[in-house]
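Quick one: structure below, then a few questions.
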């Protein structure tokens, strides 16, 4: 079984979407991963603020890293996000996860996203399923 | 006040994220917009299937088009998505919306995403808030 | 393994909460159960309309019946509900389920609740987990 | 405009569902209400554990008290709950709220429920809408 950092690094290597987002992984603890990114012009929606899919994708990657870093493969099955404040081009986002619950098969995570002013811009809840397959 | 198609076209013009996704709008009815896109290699996650943020972003754009096409500006406040089946590179996705409820201030939409085999790959619920400001 | 109606009847027998709600099961098809109930005075909240927990409990029972009627024990892990219209004392509610997805371990259901005027008062999504244990 | 405690007391007076649940309000701060209750035999489901509607109803009441205690009337529009651990007859539940965001019209709250062993049994997110009407 691989170490947490090895798993997350391996995921990032083929995770083209997280690469496009420009994710920078700051902490590798299973269940509590911290990731940062900067919002670019190509990430805006029709209101010229960050598309909801940007903060969602950031949180969904954090969910994937947090839940897979334990060593067993985990997939996101249900997720929800509340968009609390507009996110602008140039904003520096920091996202971190809290593992609320983890059983053999099911995990629940809270993930928050803050901007550079420490204001929470989104709150996300994710439920994952673990098939039992190990990372190797 | 603008016509539904004018509003959606105006949103798409500055919506760099929806442009990156390659969204093609097939129907412009307020409350029931149909959008298609094709999954590209740069959209995959660490499992080499489409990142959850891709189907989320597609659905969130459909939510924005559906709720804004009525003529009043609407923003997504709470959304959830269930990821039902893996989405692969080359898949052709079709997403459509159903307006469950719309009051002066709050709207609720169900949005489904199907692949080219008519299999549902994701189901999404979105709640929007309308400030009262018109599109012009 | 028991038949769908045997399973639902067995569940109802010990389900004191569903008994208190006054649930009447109208259809027993696995994945698509129809249940009715009438709202009583003791079910209201501080606004003198039905407490959100009433429509939630109705939908959560429908979720349990729908997912267990297949023969394998299933528990609700994540659920969400949108409250669309006020529900009043004396209202006759009808709730039905649609099975969106069912795999060996995970199921996703949409459940709607209508009043006697066929107006949708709530929409619910539930995710269930199946441990593999059979009903007997 | 009424004081927080006056509003919550007024709500409880007509809230027949919260009375049936046996809710005891321990803290009245707007945005952060603490409520306790004990699970009774009549609250179980077909698995002879607490029906999901019990923890949901507890959390939904906490949401109502937390969001209304500011002085403006607020209604729950979208809520989700993850059921993390089984709740048994005799369990003493404590629920508390955190106000994640509150604007003129929209509020988002996280609500947690713990049992007497300080184990989290459910986590809830609620979105409320404020019409602008004052409590009086």
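Order of writing sets the labels: A, B, C and D. Residues in every chain begin at 1.
In the analysis below, a residue touches a chain if its C-beta (ideal position, glycine included) is under 8 Å from a C-beta of that chain, and two chains touch if they have at least 3 such contacts.
Everything numeric here is computed off the predicted structure, so don't read it as measured data.
Undergrad: In this assembly, which chains make contact with subunit C and also with subunit D?
TA: The shared contacts of subunit C and subunit D, listed by label, come to A, B.
Undergrad: Return the chain whose centre of C-alpha atoms lies at maximal distance from the corresponding centre of subunit B.
TA: Most remote chain from subunit B, centroid-wise, comes out as D.
Undergrad: Taking each chain's centre as the mean of its CA atoms, how far is subunit A from subunit D in angstrom?
TA: Subunit A and subunit D have C-alpha centres separated by 29 Å.
Undergrad: Taking each chain's centre as its mean C-alpha position, how far apart are subunit A and subunit B in Å?
TA: Subunit A and subunit B have C-alpha centres separated by 21 Å.
Undergrad: From the C-alpha centre of subunit A to that of subunit C, how far is it in Å?
TA: That gives a centre separation of 32 Å.
Undergrad: Going through subunit B residue by residue, note those that touch at least 2 other chains and give them in order.
TA: Correct list: 77-78, 80, 82, 108, 127.
Undergrad: Can you tell me which positions in subunit C touch subunit B when the two form their complex?
TA: 80, 82, 84-85, 100-101, 108, 110, 120, 123, 125, 127
Undergrad: Give every residue of subunit C touching subunit A within the complex, in rising order.
TA: Where subunit C meets subunit A, its residues are 77-78, 80, 105-106, 108, 127, 129.
Undergrad: So in the complex, the part of subunit C that touches subunit D is made up of which residues?
TA: For this pair, the touching residues of subunit C are 10-18, 20, 41-48, 51-54, 56-57, 60-61, 64, 68, 73, 75-83.
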